[in-house]
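Okay, so chain A shows up in both of these, paired with chain B first and chain C after.
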Partner chain A sequence: MGKYLETGKVSMKAQITYRFDVGVGSIIPFIRVFLAYALWKVLFAAKTEIGGMSFEMMMTYHLVASFLTRLDQSVNMVWDMAEEIREGRFSKYMVRPISPLGHFLAESLAKTLYILLVTLATVAFLAVVMRRILVPPSSLANLAGACLMGFMGLVFLSLLNYLTALLAFKFNDITGWHIMKNNAVDFLAGALVPLSLLPAWIQDVMRFFPFYYVYYYPASLYLGLKTEQFVTGLIVMALWIVLLWGLSVIVYHRFRRIYEGVGN
Partner chain B sequence: MAVIKTKSLTKVFRRIKKQEGLKGTIKALFRREVIEKTALDSFDLKIEEGELVGLIGPNGAGKTTLVKLLCGIIQPTSGSCDVLGFTPGMLKNEFRKSFAVVMGQKSQLWWDLPASDTFALNREIYGIPNGEYHTNIDYFSDLFQVGDLLNVPVRNLSLGERMKMELIAALLHNPRVLFLDEPTIGLDAIAQKQIWQFLGQVNREKGVTILLTSHYMDDIRHLCRRTVVINSGQKVYDGPLDRLLDRFQDHRVIHVTFERETDPRLDYPVEWLEKSPYKAVFKISRELAKPVLRQILSMYDVDDVRIEEEDISNVIERIYLSGNGGNNSGQVS
Partner chain C sequence: MKKLKRHVRLLKMFFSFRLSNRMIYRASFWTAVFVDVSLFLIQLAVFSVLFYDVDSINGWNKYQMVFFVGTFTIIDGLDMFLYFFGVIGIPAKIREGKLDIYLTKPVNTLFWLTFENMDIGSLFTCIPGIIMVVTASVMLGIRITLRRVLGYILLLLMMIALLYNLMLIIRCLAFFFIKTGALDELEGELIGFSFRVPGIVFRGVAKFVVYVLLPYALLATIPAQFFTDSLSGGMWLLVIGVAAAFTLLAQWVWRLGLKHYGSASS
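Right after this comes the complex of A and B.
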């Protein structure tokens, strides 16, 4: 375990080098909140509730969802890892007694932690600026539940992105697949619009899939909605995480056999 | 005791062949022609504990492929290899703790952080006890005289300094076997010399078995008592380098600089490569090099003489054309 903690520590130190980039990057996702404000302001002109949410709840939803989107750092690490595989630099993970999956997760979560610290300032600023149109957490218990679910969502996304990066062993270019997957995840996880806008039967089906619990459910829980689905959500997420973990291990051991480690 | 053993080790890579032009690219989308390239062909090798062996050959000869197979990075197509009693391709943790590899063009150092951070990470990865870790850091940084560079970000180090840090990172956990793939590539003469001294000392004092690949003859000459020559994936020579050169270097290129304008005329058959008032470069058969030099030194005012050895790839080509495979006794035929 110590080696993964140290990996996280080193990764975090490296992040500090890019503090300017991280600072600027922390603002970009929240531009989405302002776009949402413009859009929902118009839509709420004639209504007081859409998809079971008031205007204030909708804005809070977008702020929470944008915050969680920003926290997922594994999505960017796919490019690095795919390049390392393509250019033969991935060998360094194979020859040292460390699991590439463990390394990827440790690095991804360490980056998330760093981004969390930096982004909290932006969130606090927005919370003050937008205090009239935001709602506070429904309860401390719901806030804690949302944090736990959000964390599990990040672990799930890290595993999904690790699996995506592993495809680079087999295919030269995974850009198209990665972009398509990102768009699908953004939609299915509720990063673009709350899933409560979809028909009820689709929501029922989605509850068995992990994406529902990645952004949409933590944001809903923060707002005090759908609290009765918490335990089911935990079980579904835990099962998907175990499944993806197992799949990641199997796929790595299969694919590393076709790795050629090109270049000197 | 042999710590590295390979038997009929073969690696065949499959490559996609594409016709040139747009038409070829479109055609390749639907139908791909796969060609096979044998990078290593029935390669037999045995290295005893504590040996420092040089693996030399031209580009594309199969040196790096052999190192990758011995590290478990790639899988053999057929044959077997055994390193310290492990099958490398299985990548068991115990195996990975017992060796290290340094590839000249691939770094394990964190680019934006000081090398000391990578060292600390390796301490955790390899589970190096604190005392041993600090002793090794002191030992290696003294040996390389890089104590004041340990806390400088890697991106601010020179190529030579980075390679020294790579070597320290690789040796911190006291590996029994060290694989080095072109460790001096791109380095200047001073850094090259320091690395030779370092590796020689590590081999002598710590008993680390070293397999060094290079296409620089100098690397091998300064370090290795035993040389394995590889070409087209096959072993063509295995034995002392001197014996190899004695037998297969058939000429020398001699560069002479004169103190005053000179038009040298020699009694021996030489091939003039360059002749100017103050400089002459010529090629001569190896056995005539001595008498020619003696004649030049006695007849002309010589400022400087440099003897250039024949390029390793020419020597290897000659061995290869002689049509014989190598064996472990150092004889080619």
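Right after this comes the complex of A and C.
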């Protein structure tokens, strides 16, 4: 465990070096909320409710979803890991007494922790400025549930991104796969629009897939919506995390055999 | 004139070199097509969900929206074809000192960097865009005149140039800062949003921000507004002014960045 903590510490220190990048990243929720406000203000002009949400709930949804989206740092780590594999620099992880998956997760979670501290300040500021058009958490229990679901969502995304990076062993260039996957995840997880705007039968199907619980469900839970789905959500997410974990281990052991370690 | 001919010749060379390169790696060629088409489909899905039960937005009806999405798809396809992959590669070249080789060649560095990675596959993305634009025009019953078509093409070209300048300014910040990944993310947000939402929804300060300071909302809105409705003289002036200002700004930031460039130690 100590070695993973050390990995996390090193990763956090590296984040401090990139202050400009982290600073710019922390204003992304501002931009998202500003753009969402402009859009939904117009769409709500003739309506009081869209997709089961009032204007205030919609704005809160976007703030929570953009905060969670910002926390996923593993998505950017795919580029680095794929490049290391492509250029033969991945060999260092194979000779170290540390699991590449553990290393990836430790680094990803440490980055998330740092971003959490920085972005929390931005979100808190936004919450104060926009208090008239935001709604507070429906209850402390729902807030805790949303945090737990959000954390599980981040672990799931880290595993998914690790698996995507592993594809670089087999395929030389994974840029296309990664971009396609990101676009799909953003839509399916509710980062672009709340999933409650989709037809009910699609939502029913989506409840068996993990993306539903990554951004959409924690934000809904925060608002006090769909609370009855919490236990099902926990089970579905836990199953998907175990499945992806197992798949990551198998794929790594299979693909490492075809790795030549010389780069191209 | 001689200089222009030389650059056209270079452009042809970049194109044929990239075409043969892409055809060697056919999987990559088709992957780019799939990526573009998937992006288009997702944006279309978001658009459909957003405007599912809304008849008009600030006076724009459904087919004007379709025209707007078609226009953005064409802009997106053309920018990916022409300069997108060249420009996004600039920060890595600055960081790793690979810019040296470009600076020592007897070719305009920025021209080379911009067009060296043209992506032929992205041109396919324009096809659904053109289909949407034509369908929307028919459904709106627009009388097609030469003036309207030429004005639309002119505005489309201006917006492609504006997008290029916006992209370049962001990439040039890599001359001054080690890591600029969050800026890419920020840009992705703004471009993604301007794809989904026409600029006409903005009012007051918000409009000033997305039309002048971060003019992403102009990109598809202005050509679509011109073709399907009308564009006032004031708006023409604003668009020309913003496009010219960002061209000058991009050139200035690029030159400033080059002065700051310290080879591999950047």
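In this section, the second predicted complex is superposed on the first by the 260 of 264 C-alpha atoms of A that agree within 3 Å, B and C clash if a C-alpha of one lies under 4 Å from a C-alpha of the other, contacts with A are read in each partner's own complex, and residues count from 1 in each chain.
Convention: a contact is a pair of C-beta atoms (placed from the backbone, for glycine too) under 8 Å apart; a residue touches a chain by one contact, two chains touch by 3 or more.
Keep in mind that this is a model prediction, so the values were computed, not measured.
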item	value
First (chain B), second (chain C), both or neither touched by A:Thr17	both
Partner chain in contact with A:Leu198 - chain B first, chain C second, else both or neither	second
Touched partner set for A:Gly261, first chain B, second chain C, both or neither	first
Which partner reaches more residues of chain A (counting touched residues only), chain B or chain C	C
Partner chain(s) touched by A:Val128 [first = chain B, second = chain C, both, neither]	neither
Which of chain B and chain C A:Leu140 touches, first, second, both or neither	neither
Intersection of the chain A residues that touch chain B with those that touch chain C	17-18
Of all residues in chain C, those that touch chain A in their complex	25, 27-28, 31-32, 34-35, 38-39, 42, 45-46, 49-50, 52, 54, 57-58, 177-183, 185-186, 189-190, 192-193, 196-197, 201-202, 206, 209-210
Residues of chain A defined as touching chain C within the complex	17-18, 20-25, 27-28, 31-32, 34-35, 37-39, 41-43, 46, 76, 171-173, 175-177, 179-180, 183-184, 186-187, 192-193, 197-198
Chain A - residues contacting chain B, complex	2-3, 5-7, 10, 13-14, 17-18, 88-89, 91-92, 94-98, 256-257, 259-261, 263-264
Footprint of chain A on chain B - complex, ascending	13, 64, 68, 71-75, 89, 91, 93, 96-97, 99-101, 103-108, 110, 112-113, 117-118, 120-127, 181-182, 185
